[in-house]
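Okay, so chain A shows up in both of these, paired with chain B first and chain C after.
Let's look at the complex of A and B:
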């Protein structure tokens, strides 16, 4: 039975995402989770490699030494740049970073998300992120009319 | 493992965090068009976007009949021409400023207005007849509607509506975007005929002169909270206009540098904390002027103030012309190269109507000292000077 430290910070668990806070409790307890990492909300299942990277980052980002923090950020950005992170996993990490209120972690992954949006048409963005278009044709026309030049594809 | 929350249902703060990582206005507009939640969670007038790579606003299309309300803008980064509806930029109006993404227009009435081509939001500045040297304005004095007085105040002369529109103001520069609700913007105008600097504040009724700054009328830039104006020889007038001043008169101080000799036009560029002087060299060709060289200097204090030669701009690109000069980091944008000066025509006080030849615009390479044509102006495109001359504008969503 995994034990994890719940700090005074009450985790805001979104009822719609039962996997956050649930799935890892039944997995093998990692030594770091029990003793050294003060994680209010455990890291969800994002694959072993990314999990280690995120855990390490969270640990280092809490350091008082600015150099340690900067090095950690650079390492994280390096990892994000070179590794293929699936879109679903990305969503999980972004939401997690938001929940645990780790600004630097959130920052790094939001950049990655933004990179996927850069230079893309709207339909391409919807496809990448699996988003359904919920504008009516009239609404869509109206919003395109605000900046017609941006939609001349 | 499935997530029951998808990307469109993220919390508003998360959506905003992602949107704030977008640095190009087109990407941001696309972001807001993906789905309702993404749209609602982001501002229509974002303030986080950095200064965009300037577009080149083309002269009026020669085919005046077809869709004359459309103006063409060339984007260096997209290598595309965008058509934007801007009926306010009609041929009877004259543009005299491009600052923070806003264009300043004069017309055959005393009115002065500013407009953002992307948002079509329009503001009015105090009218021309509110300048201190305009003593009278009457529409009944046909051809002599304006009565002005000279600097000494003893001689009166008249100007027509057209003359005032065409030659009274050289350039208008803003301290900040006119659309910023939190900040009051200030506008500074260079008056052509007298070389005076005049300023007004957002919502103000009149233009006021900056005392004793007549010589510094080559160019003006907003830099580190003040307006800096330069004379032909490099003297700077630092005009502290923003904010409230105790005796109602803004504070003006002067920086006297070693004399800058040579060159035909001067521009000032704000590059972070540095103030740059960009000197333009023209050559008189066959009935036309052509830019042959630029030299760049930066203001340094070393045994007195001086303009120190700058041989390399590294990653920076400068955009000069009739617009408020802008320095852009080339690596932030596609289609922009560092260590170059992108320039357009800027002969406002000279007789433009009689000029022949092509527009004098292009890219100057500081390394090689050569001038190249802009990507949109190939040999085939040249068809003589057209009105108004092209101008740089930094497109802004607010």
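Let's look at the complex of A and C:
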């Protein structure tokens, strides 16, 4: 009963992902764009504005001074809140943060993705993220019975 | 093999994965990190998104069993508790049974539970320990907001933490190996917050010994504690709080790296000694708050104290403020004061005057029997508050005494940048605010505008919430 279909899905982010332009950021690849800050793993193409923000954040998050780090985190969260960053771009940064193991960066962007899921119905979330419902109606019903309290609304 | 058969039943290759569905392709730990940030109910509903998501929520590392809405209902009609309590217990049981991840960061149980639910709660605490929980919160306030008569409280299951008894944890036999704990220490626990859970002195001692990583400990409404002792350089305890534990007669803290101490309750003996890192103290003893010579009790820390909160329920008429010392490093002074009639608040400015480096001054007025009287605005003796940048008057009612205080700071704080006025009733209750209260708040808000806007100088930001 408690099966975990791990072997069936080895999720990898499609390497072409960054190049799929979101309407909200100009993510046309610019070959001549050089990162001004030397990061060990280059930041994937997320559009010039966000790239600068992420680069600066990574730099500050490495600081020894806690106040610098806190201020940087607050700035980043403000930026994320006010700029409408497309879902694909958000996920690109999440994946990148995960790869370079920058916990604060991962936190800030995961939080944003979580915000997009909060207070939404299952069908709405599916639509936003393009998730395909691959349950049979019987399976879906069974799921609701597993956790009736979660679906009480 | 059964897994393969399942795949074949679904349409499309990779479970019909939409090529635009990037999120489902993320590695498990990223998705689990995202799900851990959702309220528990929402995290569970993600199991319905698709088969990829079905069991991800089971590895969430945050389990916050929040039932605030139910508690609000019980506060209005306490009979509902009879029905809601078993529902809550079932909920927690179900979810903890289904949880598959190896670790949990946070477990929070918050409901009106007492010793009659001991069996269930004991298991939840064992579950938390087996999952190496870092932050454990048991909030068992009666009706979600009141203290319970302590003999009826749940008693903290210290045996779960006293591994020297060689307890085995036998849960989830299918998904987790049986753990035979030979270790005597619980290395994961960093924060423990208990409300209406009885903790004895012996339990407290064992907790401090067996949880070497414990940084935050808060005990609220516990019976069984009489003399509290915290000492030892090896303790990493940074934050310690005792609130309304009415049996407590004394608290002794010495030779430790404690950074923050908080006590609220009747007047008791407090002995503080050799606490070089103690920078934050919050104290409220008895009715006047100044019973027992509070400043004498905290004298060893006065030289390095940075944040001081004083709870002064019923300020004595003729408190001799002259007798308290200078607080040379204090940056934040927070006073919680009962608001009676239109009693002047200017006497509290002498406290502010004793703090040469003061940056933030907060006075929180708890509306007891506030009344607006027409009288002249008094002036207190002038004093330069050179570093004072932020003044907050919380629970502003619109009395002359409220205006007086604001005016004092406007006139004496040359570096003042911001004044925050919060005209709301300060006691948080579960029963919804009545119309009367709302009217008072509305009146207070408009008073604040009328009284303070014309008096606020250029360059000072007046914020009325």
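In this section, the second predicted complex is superposed on the first by the 110 of 153 C-alpha atoms of A that agree within 3 Å, B and C clash if a C-alpha of one lies under 4 Å from a C-alpha of the other, contacts with A are read in each partner's own complex, and residues count from 1 in each chain.
In the analysis below, a contact is a pair of C-beta atoms (placed from the backbone, for glycine too) under 8 Å apart; a residue touches a chain by one contact, two chains touch by 3 or more.
The model shown is predicted, which means the values in this text are computed figures rather than measured ones.
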Partner chain(s) touched by A:45 [first = chain B, second = chain C, both, neither]: first
Partner chain in contact with A:134 - chain B first, chain C second, else both or neither: both
Contact residues of chain A, present in both the chain B and the chain C interface: 14, 17, 87-88, 91, 94-95, 98, 106, 110-111, 113-114, 117-119, 122, 125-126, 129-135, 140, 143-144, 146-147, 149-151
In the complex with chain A, residue positions of chain C that touch it: 2-3, 6-7, 9-12, 14-30, 33-35, 37-39, 41-42, 44-55, 87, 91, 94, 98, 100, 174-175
Interfacial residue positions of chain B with respect to chain A in the complex: 1, 3-11, 13-14, 17-18, 20-22, 24-27, 29-36, 38-39, 73, 80, 82-85, 118
Touching residues (chain side chain A, partner chain C) in the complex: 2-9, 11-14, 17, 87-88, 91, 94-95, 98, 106, 110-111, 113-114, 117-119, 122, 125-126, 129-136, 140, 143-144, 146-147, 149-151
Residues of chain A that touch chain B when the two form their complex: 14, 16-19, 23, 45, 87-88, 91-92, 94-95, 98, 106-107, 110-111, 113-114, 117-122, 125-126, 129-135, 140, 143-144, 146-152
